[in-house]
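Shared between the two complexes below is chain A, which pairs with chain B and chain C, respectively.
Up next, the complex of A and B:
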């Protein structure tokens, strides 16, 4: 594989991890978040600071990074308990802008210059770069998928589905809205934090602008395109949206136009996402499955 | 004298200047079916919502099983043993009928962190939910999405969900409205069977024939005040109740 392919692949794997985190919040628990990149950024900055100024190794910093992002996710998830739908969406956009400006204007976070000199990840005494680092990201993606899968099968997951469908009915069945919405926020933001840590050690230089509102929209697009609330939807969404700009590269001028047109067509014809219910892929799959039975 | 399961003492619920409930007191005995009736806007659903924890009463005291419960949130009330249905049905539309019931079966697991990490896809849970569904006659619809069911089936699904909580008290908010004649009969049968299994019932009902037929005792509300309380026969003859429903004799120009 060429360096170019590996770089694209690593980006896709990292974004898939972040998208899976957003899927827990938006797809499973039904809480709109348009500020997920903030947590991607918090994870990246936490890991970068701990490994440069703090002197930790990547592996020593990782549990702390997950804890920090999960905790901030818990605090910033509190508005979701009182706000719904569009109001929550606007609040999360606000959160994204605030986090970016904190990174940009507080000298501790390196200001406009960002943080550089982030060390590479060391595993079994070797510095991971290129293909090995891609495999590390894929391994983390697999772990994230496993956690997501276990979550959908747990009572907590079912409680989140119920809250997504009807909060009043769910709470009349013993589901505490506070507890389970915050659980979804903690899990989802910790996954974003993991993606952020990998991103920091991949780029080795980060700045606040990497984690702005456009990135949040991009991540949400991945989840919607692939299929909200499905296990593999966010991964497929990250794959498609990560590859499209590269595929359309010869058409430099029209690249973004095609990208937007594809999204619009998706929303028009497959609103549930590529892997969502009643999507083309699902129908074909169930027909094949039905054929086997006969 | 049987034990008192639910008691309301001078419960008031004010929304701004509106007194939706004004010092309402009544008791519900263990094993009883108590009907809550009254004209539109009498405060019946508000009364339900204070009992099930949706509203915190402005003043007054609610006791359930001896514990003071006014002000506890709905999920705590569910854990204490109160199951409810909704006047306007609230299914989980994108979950299957079976999963709708399984959500309620998780009640004991939602309180702790470790139990809530357990799996809900166990055969035992499934079998329990299927049993409840066949009790209400929805076993054939189990794999369907709940959002696709007609109203009659949804009312029975809500009943199955409430029963899955293993409640001591069931609150039925107009569980009969919008149903066909034969569906009403079926629902009545279900309510009777539920009581026989030892669950007390508080029901709101507009259909007088159903309310009178099912309830052991009735409480009549009008404009947030308790108007009367007694057996169906007493209520039927009560002049104040007749007046609340039909208006004062001689003052109407109609008929």
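Up next, the complex of A and C:
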């Protein structure tokens, strides 16, 4: 594999981790969030600051990073208890803009210059770069997928599904909306924090603009496009949306336009996602399965 | 004191421009419950089409009418092709469609007109005033005059005409409005036409006010206007106008005096969260 492929692959793996985190919040718990890049950014900044100014190693900082992003996710998830649907969507956009402007304007976070000189990840005494780092990201992605899968099988997951389908009915059955919505927020934002930490140590330089609202839109598009609430949907979405700009790279001038137009067509004709209910892939698959039985 | 008043007048002008952009968004939200982010793309297209007609004919009247017509058609196309078929899905599906539309149209503008900042060298036919030593330039008086005129016209359309009655009925309950003989799909299209035509006026006005037209001029308004319709009360047109004007003034004054270290674009969202904590239904929104 060339360096180019490895770099693209690493980006896709990191974005898939963040998209899986968003999937827990949006797909499993049914809470719309358009500010997920803020938590991606909080994870990246936390890890960058802990390893550069704090003197921690990547592995020492990681539990703290997960704790910090999960905790901020808990606090910023509180509005979801009061706000519904569109109000929540716009509030999360607002949270994204505010977090980015705090990174940009507070000198502690490096201001417009961002944070540089972030050390590489050291595992078994070797500095990870290139292919080994890609494998590290893939291993974390596998772990995130495992946690997501366990979550859907757990009592908390079931409670979240019930709340997503009908909050009034679920809460009258004794399922606490507060507890399980916030649990989904903590889990989802901690996953975004993990993605952020990996991103910081991959790029080794971060600035606030990497985590702006367009990034949130990108992550949500990945989740919706792949199939919200499915286990592999976000990963597929990250793969498709991560590869598209590279496929269109020879068409430099028209690249972003084709990307946007294709996203529009996909959401227009497969609104349930590529792996969601009543999607083309699912229909073909179930037809094949039905064919075998007959 | 004089500086303060001049700042106020500038803030009022910015607020009036915000109001013109937010208006269409509030109308569309009121009727379809969709966050129409692509509205900002229509506003950008409005500025470009206006500039193109102006530079070939040198007639501001032709440029405004042509641009309004073009944007009205574009708005209906977006509604027919993107939003209407996606109405039965959860609200984030049309929202993503809308954001994709915004990106695609921005890119299209860049491809056609180039990534440069173009100037809009038009003179608005409005007089300038001097009241008590404070000069109101012709651009400022044009912004006030045009936005007041548009707001008045829209107020008359929505409250005094049969069309306005049909629009309000459709926004309250589309199914019942349809069963009462209102062609609700046509009413939705008309709402998009009106909102988009007003966005075209806003685009031309901003182009002349700042003397700048560029492909990403819609990027900041796209999300700021979302905050504004929330602050005003989702779907409440008077609330959206009030919130826009307040924000225009607050931005100008806070940046002029308080010197807070936050960019003005975050201010709208901070105000929004504060308002939501205090009045979750927005400034003028009814309880839902």
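What we mean here is this: the second predicted complex is superposed on the first by the 293 of 294 C-alpha atoms of A that agree within 3 Å, B and C clash if a C-alpha of one lies under 4 Å from a C-alpha of the other, contacts with A are read in each partner's own complex, and residues count from 1 in each chain.
Here is the rule we use: a residue touches a chain if its C-beta (ideal position, glycine included) is under 8 Å from a C-beta of that chain, and two chains touch if they have at least 3 such contacts.
It should be emphasised that the depicted structure is a prediction, and the values quoted were computed from it without experimental measurement.
S.K.: On chain A, which partner touches more residues: chain B or chain C?
M.R.: Of chain B and chain C, more residues of chain A lie in contact with C.
S.K.: Taking the superposition as given, does A:172 touch the first partner, chain B, the second, chain C, both, or neither?
M.R.: It touches chain B, and chain C stays clear.
S.K.: Can you check the complex and tell me which residues of chain B touch chain A?
M.R.: So the residues of chain B touching chain A come out as 52, 54, 73-75, 77-79, 83-84, 86, 90-95, 99, 102-104, 106-107, 109-111, 115-121, 161, 165.
S.K.: Note which residues of chain C are touching chain A in the complex, please.
M.R.: Spelled out, the residues of chain C in touch with chain A are 29, 33, 35, 81-82, 85-86, 89, 91-93, 95-97, 99-101, 103-104, 107-108, 111, 223, 226-227, 230, 234, 261-263, 265-266, 269-270, 272-273, 276, 280.
S.K.: Name, in rising order, each residue of chain A that touches chain C in their complex.
M.R.: 26, 32, 34, 79, 82-83, 85-87, 89-91, 93-95, 97-98, 100-101, 104-106, 213, 217, 220-221, 224, 253-254, 256-257, 259-261, 263-264, 267-268, 271-272
S.K.: Inside the complex, what are the residues of chain A that reach chain B?
M.R.: Where chain A meets chain B, its residues are 153-159, 161-162, 165-166, 168-177, 179-180, 277.
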